[in-house]
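For clarity, chains are labelled A, B, C and D in written order, and residue numbers in each chain start from 1.
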Amino acid sequence: MQVMQAPHAILLLSCPDKRGIVASVSRFIYQNGGNIVHAEQYTDTSQNRFFMRIEWDLKNFQLKRDKIAQAFIPIAKEFKMEWRLHFNDHIPNVAVFVSKTSHCLYELLLRQRSGELMGNIKLIISNHSNLRYIAENFGIPFYVLAVTPETKIKVEEKELRLLQEHEIELVILARYMQILTPNFVNHYPNRIINIHHSFLPAFAGPHPYHQAKERGVKVIGATSHYVTPELDAGPIIEQDVIRVSHRDSIENLIQKGRDIEKLVLARAVKMHLENRIIVYENRTIVFDT
Amino acid sequence: MQVMQAPHAILLLSCPDKRGIVASVSRFIYQNGGNIVHAEQYTDTSQNRFFMRIEWDLKNFQLKRDKIAQAFIPIAKEFKMEWRLHFNDHIPNVAVFVSKTSHCLYELLLRQRSGELMGNIKLIISNHSNLRYIAENFGIPFYVLAVTPETKIKVEEKELRLLQEHEIELVILARYMQILTPNFVNHYPNRIINIHHSFLPAFAGPHPYHQAKERGVKVIGATSHYVTPELDAGPIIEQDVIRVSHRDSIENLIQKGRDIEKLVLARAVKMHLENRIIVYENRTIVFDT
Amino acid sequence: MQVMQAPHAILLLSCPDKRGIVASVSRFIYQNGGNIVHAEQYTDTSQNRFFMRIEWDLKNFQLKRDKIAQAFIPIAKEFKMEWRLHFNDHIPNVAVFVSKTSHCLYELLLRQRSGELMGNIKLIISNHSNLRYIAENFGIPFYVLAVTPETKIKVEEKELRLLQEHEIELVILARYMQILTPNFVNHYPNRIINIHHSFLPAFAGPHPYHQAKERGVKVIGATSHYVTPELDAGPIIEQDVIRVSHRDSIENLIQKGRDIEKLVLARAVKMHLENRIIVYENRTIVFDT
Amino acid sequence: MQVMQAPHAILLLSCPDKRGIVASVSRFIYQNGGNIVHAEQYTDTSQNRFFMRIEWDLKNFQLKRDKIAQAFIPIAKEFKMEWRLHFNDHIPNVAVFVSKTSHCLYELLLRQRSGELMGNIKLIISNHSNLRYIAENFGIPFYVLAVTPETKIKVEEKELRLLQEHEIELVILARYMQILTPNFVNHYPNRIINIHHSFLPAFAGPHPYHQAKERGVKVIGATSHYVTPELDAGPIIEQDVIRVSHRDSIENLIQKGRDIEKLVLARAVKMHLENRIIVYENRTIVFDT
């Protein structure tokens, strides 16, 4: 949908707050001939920490791409920055893990195809074969890797090999229903996105809709977060909710829940793929405008 | 704002589901000359339990008010109903408990004055004197009853006496910040409404905004519930949420939270005063349309 | 997803308000052995008109299906009712009209397949061939019938013939982008559902997102309505909105708009297929709980 | 609620987009010893126009306040900027115009008192005396200036004199219900904020709730905008909506409408008072995060 113009560079950084950060970074871009097309900053005053996302047009930029990082190092050192440099024409490879329900998978595939999600979905991994037909319709390799407590370590090794072969940069758990081991998680820090079918931290665990019904809540939610070794406790990227009432049966809650799960997951993935997220102390700064 | 027309009777009932309930109840009303102006039912199929709220015009009703309940008993017995009968021109007496923050108190007073909340706010009780000026502006008696761990029992006795003297039928905790004893709570079963400044069951306890900030949630909420002896665990009447981001400081969260707290509390109180709520097994059925 | 239990009958009726309607209808059901599983009523006091939807279990109902309407006629006459009788195991045939954009079509197909929309999508008609691959994936006949001002009458005749051949009971315009003639519309009164990509009545016409951008609105919407001969003026079934800001380009508005268009359309179609809608004086009564 | 720290300067600017703007502005601040605490920019690519809001701490800033503008002029000229400079410890004087309904007035007064709205409400003007008691409770001068078609010019002259005497910088029409003449409006360009009780541009004019009921919409809205000589057509600052249904009577729509009117107005006023709004070609850029 979006016409691809000249490529952009995107710099994400955080550092102790101090005078002169914006001036230094913007001068660096200006002196090399870049035009800033988007910049946003945030200062966490309670931690005295500065965060920034700055995006500029490379059209007349005088540094070649592979020289930019090198040239930026002195500024980064001066301000003790943690930083990442991205280019918006790099489309990352993505793997999607699913189980039996299709709504999140479809949402990702359709938004990817319509140009909203700028990632290459290279493979789909599942512990069941139910959704193979969708993968086939979209022409994407589908791997069934059944997991049991006994085989989990072996299966994860296979999965990791597949991810490496396909040069995967982002793993999306689209209602995968399996808990990954810390070993697996640690291979992709802040690069595994999960959708949890509740408003975390309420109703963590595998049956949130039953708990919601039991407790009689009037609103249910969904939470998309980066996966960390601690279950359901990783940095939250996006959340949303929908109203329910006593009339909603468990089946209705599940049905209504699907609508927000897929939306929340899609938004979180979009933010990640557009390099809008910095994780700091188990929280996200999402530069979402 | 609402023009008072002929009075209505409101019957709230629940019973095991069975054929003929609606036919029996509606015949009872029809044969006595009543015109049903609103009726809503709900069947919890998982529990095989039927719930109903039915409201009828008393204009040409041939039973006097004080005879209706008596006349209804045979039907209630036949279907093993739990039931309550109300009249919409009975305006209950209400007590509001507050502490130092005024937003919920103002919301109740302004909505009461504009005719949205059909209750008589007879007295305001606080453990601090900060909000006395508001009570005075609105011409409502204001009692300061400071609570300490040592005096709590004594103070609650005084409070109960005040409530009895004023024939209070509903107690609203409008950010009261004190935990009531089970003894107090048991005097007003399903007649004490609290506003909790989080989306329960997430962030129960006294500092939800700090917990929300710490956990990095993207949505905060408020919950209005009936008070039961178990803290923050009573039947939920109403909930709502508002979006937040990493940019929101604790102060901002509190400020945004105020906007939903007062709305959620006002809606819950309105539902109660209009006799729209049945509590069953620690959950509410709210006939809210 | 929903387990099919014993079939239900659904009666939708409206009539001048009067004492005894509920009693008569519920007695009719009770005396014939039916158990009411859902009932909702609404009285438009400004018009003195009563509306009702009542649903009962046919398990032990002593009238055969094809005798129910006959048996109900005396009550309908007595109260001067307009009424319709449906059975929830009758799954209507549906035709979907599309143009080039796929999001609404996919939404309908996926929700139909997941059991949320109880209709048989028998054919898809388009003035372009772009979406043929989707129809093929889902195994649904796809007809390309290109429309020009000169051919419109002829094409509509063909379309009407196709609809009759497939015994279509509901036509869904899923971003069809063509204006139907009054002749076509009059063949399916209150049985053609359109999705308009704005919050009607604001921004009627073909380019609402450009108008929204021009006017600088902070919220955009979508409206699903029954089609009447007057363009964009039929009874509104469902509407919803999403926040936007100055940052949203036309492309972004279109992208955000897609998310609500498909949701709003799907909800409207669901309400129709579940026989929850009465149209009265160009407005809908939607018994949506 | 907010602890006042060292004062901040706020620069709002727009200019043709060009390389070097951010670098020049941030260098200006850095070289004079300022620490940027908030900066946000936006480029309207369709118009090739750049917009920015930048806020910095004056603690160690080496230019005196009254010299900053002077020192900035060369940069402003170089980039052909339209710009304004504000200081966050300047609390503007505000006048509120009301008629008979109190909900918007109360909302402003309560939020002002709680520290959310940083303005001095110096006087309240009304064409009726109904709300005098509120003004008295809050200790604010209240002027009744009845308006008739014949007296409008004279009355507006009096009003303008009052505004000048009180050095009013912002006029808020809190459901004032009178149309101001272009002459009046032109005295306060982009400094008169109105709340319109509909989702503009739908239902412009004086009776939006009746129109909404008539049209059967499922969502109603409120719009806060700057007043321009053309009625209801000024730049929109904020909008929001609330769901309604066929069940809502006109009275209910009015009641529900009040809840969003007051919220939408309060948010718009807050954005204005915090100097977050640039108006450009009858649209607002609101730097609201």
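Methods note: contacts are C-beta pairs under 8 Å (C-beta built on N, C-alpha and C of every residue); 3 or more make two chains touch, one makes a residue touch a chain.
As the structure is a computational prediction, the values presented were derived from the model and not from experiment.
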Chains in simultaneous contact with chain B and chain C: A, D
Chain separated most widely from chain A, comparing mean CA positions: B
Comparison of A-C and A-B by number of C-beta pairs in contact, larger one: A-B
Inter-chain centre distance, chain A versus chain C - centres from mean C-alpha coordinates, in Å: 37
Averaged-CA centre spacing for the pair chain B and chain A, given as whole angstrom: 41
Where chain C touches two or more other chains, by residue: 245, 247, 289
Residues of chain A defined as touching chain B within the complex: 42, 44-46, 199-203, 215-219, 221, 235-241, 245-247, 249, 282-286, 288
Interface residues, chain C side, partner chain B - complex: 17-23, 26-27, 29-31, 33-41, 43, 289
Residue ranges of chain D in contact with chain B within the complex: 1-2, 102-103, 106, 110, 114, 116, 137, 245, 247, 251, 254-255, 258-259, 263, 289
